[in-house]
């Protein structure tokens, strides 16, 4: 399974989680965060209130999510995202 | 070393960290989180206040933790948990 | 790319992020955290308000960061840090 971690502007939460659900993610976790430094294609600063969104998905859903982010979010918003490999207990039952 | 990440209900923190300590974890980090989506065996929603608990442990302790979660928490509570491989600076000295 | 995750005392944020920037990190994310258990070389407790700092950097920068932490922070402060492998969308463009 893949853990997708996204750091972005708080105002994008509703839109982003709607897209995640549409692509097959069944759950996610949000934590409040503060960012700093330049991020993303526009090298915009992210100094204010950000949100950290995580979801564990199949590799196929992870690919769809990353494509969606690259197409719809990265060109227009301050966002950084990364994938990592995780082992989820009981496989399918804990896909979220 | 293994990073164990657990997202669960805030009310379970004391019980969960007690179990983590009993199984050999020497430290953990808690962050407040909001969850959404269905999680776990019961596919219960986790819409409210959640907590994200992380601990870095040996692979042996990680196995014990995942067995404990699968036995004592997953059947009864909203929880999602995953393992990832991490490299901890100075090995044994930073086991937590 | 490498994800460096550091859990430490809130009072160290300015100094730590200054060092991260000096070593080549172009951004980071901070979340408020509570720690517990013994950590680090001094096995000091970390019961109070902590901060979780994450940055995604090249393997070379990750090595520099870990050396800096081991030299300047671990001997003197309550800190735990780990590295994990992550895949960042669009490679260089999203180095932060």
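Note that the chains are named A, B and C in the order they appear, and that numbering of residues resets to 1 at the start of each chain.
By definition in this document, a residue touches a chain if its C-beta (ideal position, glycine included) is under 8 Å from a C-beta of that chain, and two chains touch if they have at least 3 such contacts.
These numbers come from a predicted model, not from an experiment.
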**Study point:** Cα-superposition angle relating the copies chain C and chain A, to nearest 5°
**Key:** 120
Check your understanding: Any idea if chain A and chain B meet via the same residues, over half in common, or different ones?
Key -> different
Point to revise | chain A and chain B, separation of their C-alpha mean positions in angstrom | key: 21
Point to revise | Numbers and ranges of chain A residues touching at least 2 other chains | key: 31-32, 84-85
Exercise for review: Note which residues of chain C are touching chain A in the complex, please.
Suggested key: 1, 3, 17, 21, 25-32, 55-56, 84-90, 93-94, 96
Check your understanding: Across the complex, what residues on chain A touch chain C?
Key -> 5, 7, 31-41, 46, 50, 52, 66, 69-70, 74, 80-85
